[in-house]
Amino acid sequence: MRYEGDKVKGIDIAYIGGGSRGWARNLMQDLALEERLSGNVRLYDIDYQAACDNATIGNSLPQYPETKSRWKYEASETIEKALGGSDFVLISMLPGTFDEMESDVHLPEEYGIYQSVGDTTGPGGLVRSLRTIPMFIEFAEAIKQYCPKAWVINYTNPMSVCVRTLYKIFPGVKAFGCCHEVFKSQEQLGIAYTEKTGAKLTRQDVKVNVMGINHFTWIDKAYYNGIDLIPYYREFVDKYYEEGYGEWRNSVFDTAHRVKFDLFKRYGIIAAAGDRHLAEFCPPWYLKDPETAEKWKFHLTPISWRKEDLKNKLKASAEFLSGKEKMVLKPSGEETIRQIKAILGLGDFVTNVNLPNIGQLDGLPMEAVVETNAVFSSDSVVPVIAGRFSPEVNSLVLRIIINHETILKAGIDRDINLAFRAFVNDPLVTIEIDEARELFKRMLNNTKKYLPGWQL
Amino acid sequence: MRYEGDKVKGIDIAYIGGGSRGWARNLMQDLALEERLSGNVRLYDIDYQAACDNATIGNSLPQYPETKSRWKYEASETIEKALGGSDFVLISMLPGTFDEMESDVHLPEEYGIYQSVGDTTGPGGLVRSLRTIPMFIEFAEAIKQYCPKAWVINYTNPMSVCVRTLYKIFPGVKAFGCCHEVFKSQEQLGIAYTEKTGAKLTRQDVKVNVMGINHFTWIDKAYYNGIDLIPYYREFVDKYYEEGYGEWRNSVFDTAHRVKFDLFKRYGIIAAAGDRHLAEFCPPWYLKDPETAEKWKFHLTPISWRKEDLKNKLKASAEFLSGKEKMVLKPSGEETIRQIKAILGLGDFVTNVNLPNIGQLDGLPMEAVVETNAVFSSDSVVPVIAGRFSPEVNSLVLRIIINHETILKAGIDRDINLAFRAFVNDPLVTIEIDEARELFKRMLNNTKKYLPGWQL
Amino acid sequence: MRYEGDKVKGIDIAYIGGGSRGWARNLMQDLALEERLSGNVRLYDIDYQAACDNATIGNSLPQYPETKSRWKYEASETIEKALGGSDFVLISMLPGTFDEMESDVHLPEEYGIYQSVGDTTGPGGLVRSLRTIPMFIEFAEAIKQYCPKAWVINYTNPMSVCVRTLYKIFPGVKAFGCCHEVFKSQEQLGIAYTEKTGAKLTRQDVKVNVMGINHFTWIDKAYYNGIDLIPYYREFVDKYYEEGYGEWRNSVFDTAHRVKFDLFKRYGIIAAAGDRHLAEFCPPWYLKDPETAEKWKFHLTPISWRKEDLKNKLKASAEFLSGKEKMVLKPSGEETIRQIKAILGLGDFVTNVNLPNIGQLDGLPMEAVVETNAVFSSDSVVPVIAGRFSPEVNSLVLRIIINHETILKAGIDRDINLAFRAFVNDPLVTIEIDEARELFKRMLNNTKKYLPGWQL
Amino acid sequence: MRYEGDKVKGIDIAYIGGGSRGWARNLMQDLALEERLSGNVRLYDIDYQAACDNATIGNSLPQYPETKSRWKYEASETIEKALGGSDFVLISMLPGTFDEMESDVHLPEEYGIYQSVGDTTGPGGLVRSLRTIPMFIEFAEAIKQYCPKAWVINYTNPMSVCVRTLYKIFPGVKAFGCCHEVFKSQEQLGIAYTEKTGAKLTRQDVKVNVMGINHFTWIDKAYYNGIDLIPYYREFVDKYYEEGYGEWRNSVFDTAHRVKFDLFKRYGIIAAAGDRHLAEFCPPWYLKDPETAEKWKFHLTPISWRKEDLKNKLKASAEFLSGKEKMVLKPSGEETIRQIKAILGLGDFVTNVNLPNIGQLDGLPMEAVVETNAVFSSDSVVPVIAGRFSPEVNSLVLRIIINHETILKAGIDRDINLAFRAFVNDPLVTIEIDEARELFKRMLNNTKKYLPGWQL
């Protein structure tokens, strides 16, 4: 890596999960469109062919007229090869397959437990965590060995557990986790303002204070210039509380934001994630049964949908590869490039990321991975003080964090009793303890090939 | 105050100490040169004539071709008039006169205690604090009453005690304290880099992590782009440790930086303030006697010098007023305007300021006023996590903070015993307790007209 | 008060709630049986006649041959008269009447919320707290004024809120709260040991470490001599888990301890209170409906029973007064006398009491009233470090403490919204927010004459 | 070990440093005089012959008529043999010899640094710590291996560092440290009371709250029955401040308590250790030079005196062994037996001991070894909450604790730079850094045979 004029050349990026059809594509586009950076990207994936395909696509980008910089892509057969000498490591992957996720999400339904996503919390999120922890232990150890000074950016869920595992295993790691979930709440704040004033705001116009944990993130302050947007949002919630805001029948991801509005009414603070996520962190107020979810106007995303969607993405990939289809290069809206530039000293900025708590969230345990604003600057990502929740919200968030810590310990020690302790402590698990034990065993059994060394 | 296009008009600024010859002049120039802001400045000073003179000078600025914005200046006869409806309040003043400061600095010399500045810590700083606290109690109460939502920027010394008093009396105050002392260390880091590489850096090119308390501030990380500057600084210290760096005989403010270098050698962290300040916070390593100071190559600034300097400034003022002398409008190098703009939503940035500790400096008491980086953004100044000192440096800093808290309490309760407890706990006060008591009484007596309601 | 030989004479005790038929009687007996103490007891009660009756009974005790010391009883018409010059203040009273308690306990049943006691937590406990807070504010202010150095012993429920209110209003108060609930768990530990070994233990033989909050107290360590009793208890639980231990149909207070056993199985720590109390602090695992309580083998104590019981007690009182019935003086089993003696310097000892957290329970908020062991010694009651809960139990307890703090603030500020925030945050309140609001309003309405100054 | 009636038989005690002439003798007497305990004592010492001699003496005790219990003594050739299966481990030893101690105490005098004891803090205490740490690492590892459940009682200085090392190396250790230094302050409080009232108090009559670190311990509350003794002490200090109390010329250990009185005047709290110790923890107020110590009326204990004293003790030992001299069995005044009994469940009591801070001393770091009261009970020694120092005293104590932590880390990592960091941070080391470095090197060199693996 070297500085030439206002450019940085020869940057080495390793991409774990580099065979992915979504995030990898976004990254390649964003890199191509950034003129101040260039270098090499090594793609590593347990599906090596998928990584090769993405390398082929990546290396084809210079043919597009919009491309502004040179990046060389290659697939790495081992994680060592991918990591060695890297300046940055990106991690974006699916832990396991949609078959395991099907068990995570749908098996609990037999016991009356419903989940709208199942990748972060709830019984599904916990079992996914157990599956993910051994992988991230491996990543952390490899990073420590092959590129201890690299900056590591994680996009994988369950976010908090992934980032926490990296720090637990390699305390010196320079890792943080990114998620665009909060962006939509900034947009909605902008809409609330537009509805009253007509003025159009971009997401970046809306300055927010972010606090919480990934997918259960909150905003207590929001400004446009010097103007406080919270009163606008309050009016917006009052107006749309009963009916919900927006069309939610179009896709399994769409919601009418009624959960978010209800949480605002309960606690007076903006819950800054999608309703499907938010519902899963609460006692079963919104997820008692499918009818309750329907009433609150959000979907329980079925895994069958995800499987179908994957087929479509694979088809699209094949068409790019064969040259049948052309790509249209445009910015993804993700902040990765801007973050990389800031870390390289090419312009400070502030955004929200997931980092171990070193005081930015008062009232929550130190070391727990929390999501707040942070200053990105030369070789540093430093959290900004986000303040403190009301006791009630704090208690909701704390319960989840406690579970994260327990599950992490269980994952590292392969301790099934400890894992079960977290399982029954999940807010969605309100069934009898014997039933819970049965469900837990069945779920673990379905994911056992990702639990090496466990006594099941 | 109103937003028009990319400008903010009708901003109301109150300036306490508005008759000053230094800071007020700087502010007027900087305001004149900023095209996006305009409004009114009300100058309040116990020397009303001085405020009127400054108003006259301020109102003459539109005649200069460099002036880009309209500001109306007026002197206010009462603090109420100055504060009422203000958006910003600036406080820059001398607590008492140079006569009191003469006692602060020189009386302890009779007892073998030497001070190089005497305005922040040491016996002089403590007595100055006692003098200042009643004034800042009055300011805090007036701000609470007349402009509770205004942002308050303090430049007055003793900085920590001033800001702490504001928050103690009016916990809802939106106040912070600014000091340019750290800037010089950024410059010196740039010089260290230039010496090795030839590349010229501006102060802004040098990104630093700031931690500590005002005038006893430290830098543990410094970067230019992605380049770590600490190794360059270490080499610089090694090179200049014995001889010192730079010419120090020219002015009473100049030093050869040997104290700073010695502290770096002791603790491995950059002490980011002038040597004259740093020496006063330590046990009498550098201030045992005038010869020791001489050996470490810095001056004990005599008050006679300050009195002479004031005369020159008054003469210069008179010449501007009479029109005999023209001003040359140029940026002062202070960050006030940029801070105001960020608070108004016109561009976020990060800089170091003095704020109550809400977690940014781990290991030091909450609520103590500390100096760290903070993000300036719409209606918010939020500290960035600065980390934690080594135990040894922490203990040096903590001792001072403990004294600040004691002296504040003594100042509020008018408790002479408590004040004395802080006095004998100062690192420079190593004399016998009976002598200390005598000195303390004499010093208080010399400042008694600024201690209303005290039983001396 | 004066020391004579090994005796203390002229002790002044004020008894708030001195018309009570239960606690007051116990105290009078215990005082009569203690030869080292003597003095005066002033009984204060809103039912003045009841206090007079108790005074008459108290003054008749010297006629009994077992009586070892002289105590003079009188009823005080005002709280001032009772408190003035007191060395000790005892508070034992019913906040309101059983009519209000009927609403506390039974109205929630219309909404599907069942409570087994309803005096500490749950909707009933919260509304009772609101009723109690103004009374304890009055007591705290009176104590501050009339006997600030007196030791204050509270027996009133809700214990934590009562003691917390005293400290909140008068931080210098020397108050603690006593409850014998833990004693029964010591006895059960003794039984577990006896079942295996045949050796008979007294309660005092069983040394325990106590931690938690009143009625939701836990024991993590238990010893007889140097012998660890936990393994004996574990075996005992395993043996009786399914069937329960003991006859529970005899009285509404009896239980089969299955809740306690289930909590031990879940968390590996002994829940040291009656099942009827324990069940109310958890999510509705044991109180989903009356059938569930039946299954866990404990009773929902109906208020009709309490009303009947009161009638019997009144009758018994009348018979003592008329001389128709004689008392049999015997020790009550309460520790009050021993505590008073220790405070007077007549013998240190350790027992569990309710005190503000000053570090004895790590992981729970400072100032919250917690129950742990404490050393009773000359003019001091100092908590012993009790340690730290597992995260899961901590989280259960913390939620209750948070609610206590919210309800206290609501009670002091007469803030109905804040009170409702605590209400919906109660683990037993899992109904929809609109229903909750309706229930809350009805409950408040039924208790409104004890909520002076509230806007209902 | 087994319980028979009210006795415990077959107790196994290991004594590290079992060849000592002082403590070992005391222990043997106290054991012989206690009828409820019996068992075996294994004496381990690097001077094996000394251990054998003590075993011989110990086994001769049954011949004395006062002896009430049977104890079998044997010398162990290895630490493994001594520890294996022990119920209690006592550690009382001299780290190194008086030759090393001579360097610790007298070499700094060449640089103008005077120490009155030199075994706990100051340059001597720090170097002694370095010498001691490897020994205690070895003990901790052996205890972990051979008797992990044993209770470990340390009497060795530097107390805090010894106990801290045990916990650092083996966190599960059940260790505490005992010192009788505080007892004398209890006695002095009794004397102050006697002077005014004529009433005679025993040490045990005086209840005190103890806080601080060993040899720099403080008492903020003291009672006889319910009577506050602090006002009596204040009067006592006023009376004797100038002249001192008691004859101090008789022995090198005697003092006139003027340092203690001066600290009481400065801070309003009783410094509960001998003046010779107290003086060493402060800046050189009392130890500037021998004349200053003389003025404050205490002695700088020369090592020549200790060497002479040792000779006398050896002679006495020889006479006991040869049977020429008979022992007179009487209680030593130490609390060891009472502590052992309490731990065995034979009677709870409260006394002051050295334990890791788990909250008993608010404001000082967790894990630091502090001295406060603790409850001794069945298999448990649990600290009582001692409160919090004034900021000034806290700052004095904290500085020492910081140094302990640094020196411990230096000792474990064999890091000479870190050790030097602690050295120059000692309050007595006010000399120039280059001189300090020279002194430090010379002192380390004199003790190098006890620093295995160090690069000097």
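Each chain gets a letter, A, B, C and D, in the order it is written, and its residues are counted from 1.
Here is the rule we go by: a residue touches a chain if its C-beta (ideal position, glycine included) is under 8 Å from a C-beta of that chain, and two chains touch if they have at least 3 such contacts.
Not measured: the values here are computed from a predicted model.
For chain B, which other chain has the most distant CA centre?
In terms of C-alpha centroids, the chain at the greatest distance from chain B is C.
Averaged over CA atoms, how far is the centre of chain C from the centre of chain D? Could you give it in whole Å?
43
Where the CA atoms of chain B average out and where those of chain D average out, how many Å apart are those spots?
For chain B versus chain D, the centre distance works out to 48 Å.
From the mean C-alpha coordinate of chain B to that of chain C, what's the distance rounded to whole Å?
From the centre of chain B to the centre of chain C is 56 Å.
For this entry, which pairs of chains touch?
Applying the touch criterion to every chain pair yields A-B, A-C, B-D, C-D.
Going by the contact rule at the top, pick out the chain A residues touching chain C in the complex.
Chain A reaches chain C through residues 262, 265-266, 283, 391-392, 394-395, 398-399, 402, 405-406, 421, 424-425, 430, 433.
Where on chain C does chain D make contact in their complex?
Of all residues in chain C, those touching chain D are 1, 3, 8, 207, 209, 221, 223-228, 343-346, 348-350, 358-360, 362, 373, 375, 377-380, 382-385, 387.
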